[in-house]
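Alright, structures below, take your time with them.
What follows is chain A paired twice: with chain B in the first complex and chain C in the second.
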Partner chain A sequence: MDATAQILFGGLFQGSLYAMMAVGLALIWTTIGVFNFTHGVMMMLGAYIAWTLSEIGLPFALVLPLVIVVMAAVGWALQASVVRPLIGRPNIVLVVVITTLAAASLIENATLEIWGPRSKQLPPLIAGNTTILGVGVSLHQIAIIVIAPVVLAALWFFLNRTRLGLALRAVAQNEDASLLVGLNVKALYGLAFAISAALAALAGIFMGGYRFMSPVMGADPLLKALIVVVFGGLSSVSGPIFAAYLIGFFEAICSYYFGLYWTPALLFAVLIVTLMIRPEGIFGSKSRGLA
Partner chain B sequence: MTAPIPVSAIPSSPGRASWRKEAAAVLVAFAVLALLPFVVTDSYSRHVLIMAFIYAVVASNWDLSLGYGGVFNFGHLALFGIGVYAYGLLTKFAGIDPWFAMALSGVIATIAAIVVTIPILRLKGIYIILVTFGFAQLVMQVILSQSDYTGGTQGMVRIQTLYIGEHNMIRDGKFAYFYIALAMLFLSTVFLRALVRSRIGAGIIALRDNEEYAVSRGVSIVRQRIVTLAASAFFTGVAGAFYAGYQRNASIDVFGMSLATIILSMVLLGGTSTIYGAILASFVLTIFAEAMADLGAWRPIITALLIIGVMLVYPTGLAGFIQSSWNGVFRRDNKVA
Partner chain C sequence: MSALLEVQSLTAGYGRIDVLHDISISVGTHGNVGLFGPNGHGKTTLLRTISGLLKTKSGTITFDGKPIANASPRSIVDMGLIHVPQGNRLFPDLTIAECLTLGAYTKRARADEAANREKVVKIFPKLAERWRQKVRTLSGGERQMVSIGTALMGSPKLLILDEPTLGLAPKIKEELCASVLDISKGGVPLIVVEQDVEFLLELSQHLYLINHGEVATEIKPGETMDHAEIMALYFGQ
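Take a look at the complex of A and B:
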């Protein structure tokens, strides 16, 4: 019972974080068709801004929406500076990889310069611990397990039930046709980046509440998000969400039975095998659409 | 069976230098480089040049798979890392002669490249990036987990150096190492240029530019991809081995994102599908980075800004920049697209 509960909590918790990260990556891939390597530093930057805002004494209920707005603006600005000018070039996928990698290195080192190398920690969403099914868990982790699906459901609602969300999906499906019916494609690209950065920042705040923050804290989650989107298929937003929880559980099981050291290697082996058998991911279809 | 086509029957492509001109230019350039140790006498400056040569080998070989092949191989640095660790392990635990171990490291990197090519044969674009990226992480995790041999996160220290007879490699102001590195770069460059100018190279380019048409004309995508990746791996592995023998230590940092970003920016800054562009950019970036050595955290910031700036303004990289300024100065018509 103890082992099952531990795996269950570990899987749900990691899965929630991965889902928050992966959805943002998938959103940008489906709408613009590029891969955003700044996603990890967006997460880190969100956590650092939240730290500064809570240091100057703002209540956490105010910090959270403020960070989301600021990071959405950062995401928009990033898109306008290193992605939008390249759209239409034949080798855009590759060039965006390098510009976003460079931007990530820029932001990471700027963070180091501004905030210094000392590790920091955010206050947890809810303080305290509890015991469920014989396993001690912090209320912070439980809060994340509860909040993440709500956020993801809200995103699903936005993409499927609102005009703006539908417009975003339209751009993802057929850019030329969207342009013809009068959608502002450039603004929608910016919107995709803004939402993605805000989601990453939220994940960063979640993570900063239980782990020490450092300028490189986003690297590992970015890697995991990459695996998740490949595993789930890049063609949808719901695929990566399922895949995130699946991988969360896979990791929890692996690290329980094989140890933490072998988990990443096993994960990558599974990834490579998945791609050999189903290159479009386990939940993917062959087309590039959204939701 | 097709009879070999006489050389005269292959139409010379416009704007491409004849191989005699190119060979002459390469020989002159390397002769100039070979004279450098007589001008640059302090060992630190020589060290910077040696590092530039190593990076140039890695970057120009990456240009073969990335630029010519159009295969987004993000595991290229893993091949370098495999060379580093193969040399370290072979000399330390198998007691193999350093020179032989260096060649063997190139072979091992080539085999690794063939292994990673198998899962990406059916894949395209972004999926290739992800699988090769995953491959690099996999190799790193394996090295980390075998810490009894590889030293894990601590890395390997006191790796055997290369030797030339009784010559003291350490106290000659890096004189011998300079020439070994230069020779390595020379061999690699000649190999790469000969390959891309050959019929195999034409097949690689044809696959990149129009896969369906190339396949319909009998270019085998499986064979060509394996050849591309394997060819780009050998000298990369040798460079890794040289790096290990030269630095005398191996660390897991060679698999990190920062080194990959720097080398990738050398390839892209130089301009893809030129080989020379990557080599030139390696020199520029390495020396540039050394010039900013005391700027601390500002160094990567400035480098990143430079990369973004060049990518936005000159999508074809330094090679394109030189080409366009050359045309501007000499008022040549720009026939080459």
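Take a look at the complex of A and C:
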């Protein structure tokens, strides 16, 4: 009972965080066809801005929407500065890896310069602990387990049930045809980055509420998000969501039975085998496009 | 009657290579315009420059009295100049219904969305039977119908069709030709590029032979020209 409950909470919690991160990465890949290596620092920056805002005394209910708006703007600006000028170049995938890695390192060092090296922590979303099914969990973790699926469902609804979401899915599939129906392709690229950065920032706030923050706190989540999107397939946003929870549970099971030490090795072993059997990922199809 | 679309001394191309050299055409004074000519001589390039997908190097383009050279494709679509590109892949993972919704994306077209959708269904009744089918699973003919239907959703004042019957089986081709004629009779002026001379002559009254990125011959109504002469122009260059 204890084992099952522990694995259940661990899996749901990690899966929620991974899904929040991976979905933003997948959104950018599917719409623009580039990998965004600033995704980890977007997460970190969201957490740091939230920390500063709550230090100056703003209530957390106000901090949360403020950070989301600010980080959406940061994502937009990032797209305009290091991605948009390169669109149309034949080697764009590779060049954007380099420009986003450079931007990430710049932001990381700027954070260190501005906020200093001392580690910080955010207040939890909800303070306190509780016992469910015989295991002790923090209310913060419960909140994340509940909020993440709501956010992800809202994103799915936006992409699949609104006109703007339809436009975002369309640019992903055919840029010329999008221009010829009158879509503002540049603005939609900016929007994809804005949404992605806002989701990363939210994940950063979640993480900053139970772990110490540092300028490199986004590196591991970025790596995990990469694993998730490669594992889940890059052709949709629903693939990475399922893959994120799958990997969350896999890690929870591994660390329960084999210990934390072996978990990354086992995870990579599974990833390599998956890619050998299904290079397009377990939920992927061979085309690029949101579904 | 002044021209709906006027292209004057247009030079354009890809990168440093010019494909169009000082080309001038005029649309809307003598009925539908047909463009023809050998493969690879710049017909598609001309249409892509008109709709803003390619930059103009020199020359002017005027649509509905306003200059549109180097304007954004979005603003050109919003003015009612709508282009169905050659070999259109459209949006493979969207459904027919979603494509049509996108066709009415501009503010101007959104107002007439419901009426336009009815029009499209009337012209292509086949589409209504498969509203929720994804474009990637459609046949070539059906995909072309969706492409044209999507363009009609934008309330075109001028419709550009780049080889609409390319690669279609004869029977489907006939059906599509009839639909395009219907659209034209419904009052939408056309620019058509077409390899099928029969269809081109049936559809357009004003012809331009494009050769080496220039207008080699212009044929206005009255200066009738029979099939054989066109074929000679076509293949004789």
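In the analysis below, the second predicted complex is superposed on the first by the 291 of 291 C-alpha atoms of A that agree within 3 Å, B and C clash if a C-alpha of one lies under 4 Å from a C-alpha of the other, contacts with A are read in each partner's own complex, and residues count from 1 in each chain.
Convention: a contact is a pair of C-beta atoms (placed from the backbone, for glycine too) under 8 Å apart; a residue touches a chain by one contact, two chains touch by 3 or more.
Given the structure is predicted, the values throughout are model-derived calculations rather than measurements.
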| said: Taking the superposition on A as described, I'd like to know which of chain B and chain C A:Leu180 touches: first, second, both or neither. | reply: second
| said: On the A-aligned overlay, A:Ala153 touches which partner chain: chain B = first, chain C = second, or both, or neither? | reply: neither
Let me test your reading of the model: by the given contact rule, A:Asn109 touches which partner, first (chain B), second (chain C), both or neither?
first
Per residue count on chain A, the busier partner among chain B and chain C is B
Touched partner set for A:Ile132, first chain B, second chain C, both or neither:
neither
Notebook entry, point to check: Now for A:Leu260: first (chain B), second (chain C), both, or neither, which partner does it touch?
Noted result: neither
Touching A:Arg89 in the superposition: chain B (first), chain C (second), both, neither?
-> first
Going through chain A, the residues touched by chain B and also by chain C turn out to be none
Contacts from chain C onto chain A in the complex sit at residues 51-53, 73-74, 77-78, 82-85, 88-94, 98, 101-103, 105-106, 109, 136, 150, 154
Within the complex, chain B is touched by chain A residues 29, 35, 81-82, 85-86, 89, 91, 93-95, 97-99, 101-103, 105-106, 108-110, 112-113, 219, 223, 226-227, 230, 234, 261-262, 264-265, 268-269, 271-272, 275-276, 279
The chain B residues in contact with chain A across the complex are 66, 72, 118-119, 122-123, 125-127, 129-131, 133-135, 137-138, 141-142, 144-145, 257-258, 261, 264-265, 268, 272, 297-298, 300-301, 303-305, 307-308, 311-312, 315
The chain A residues in contact with chain C across the complex are 163, 166-167, 169-170, 173-174, 176-177, 179-184, 287, 289-291
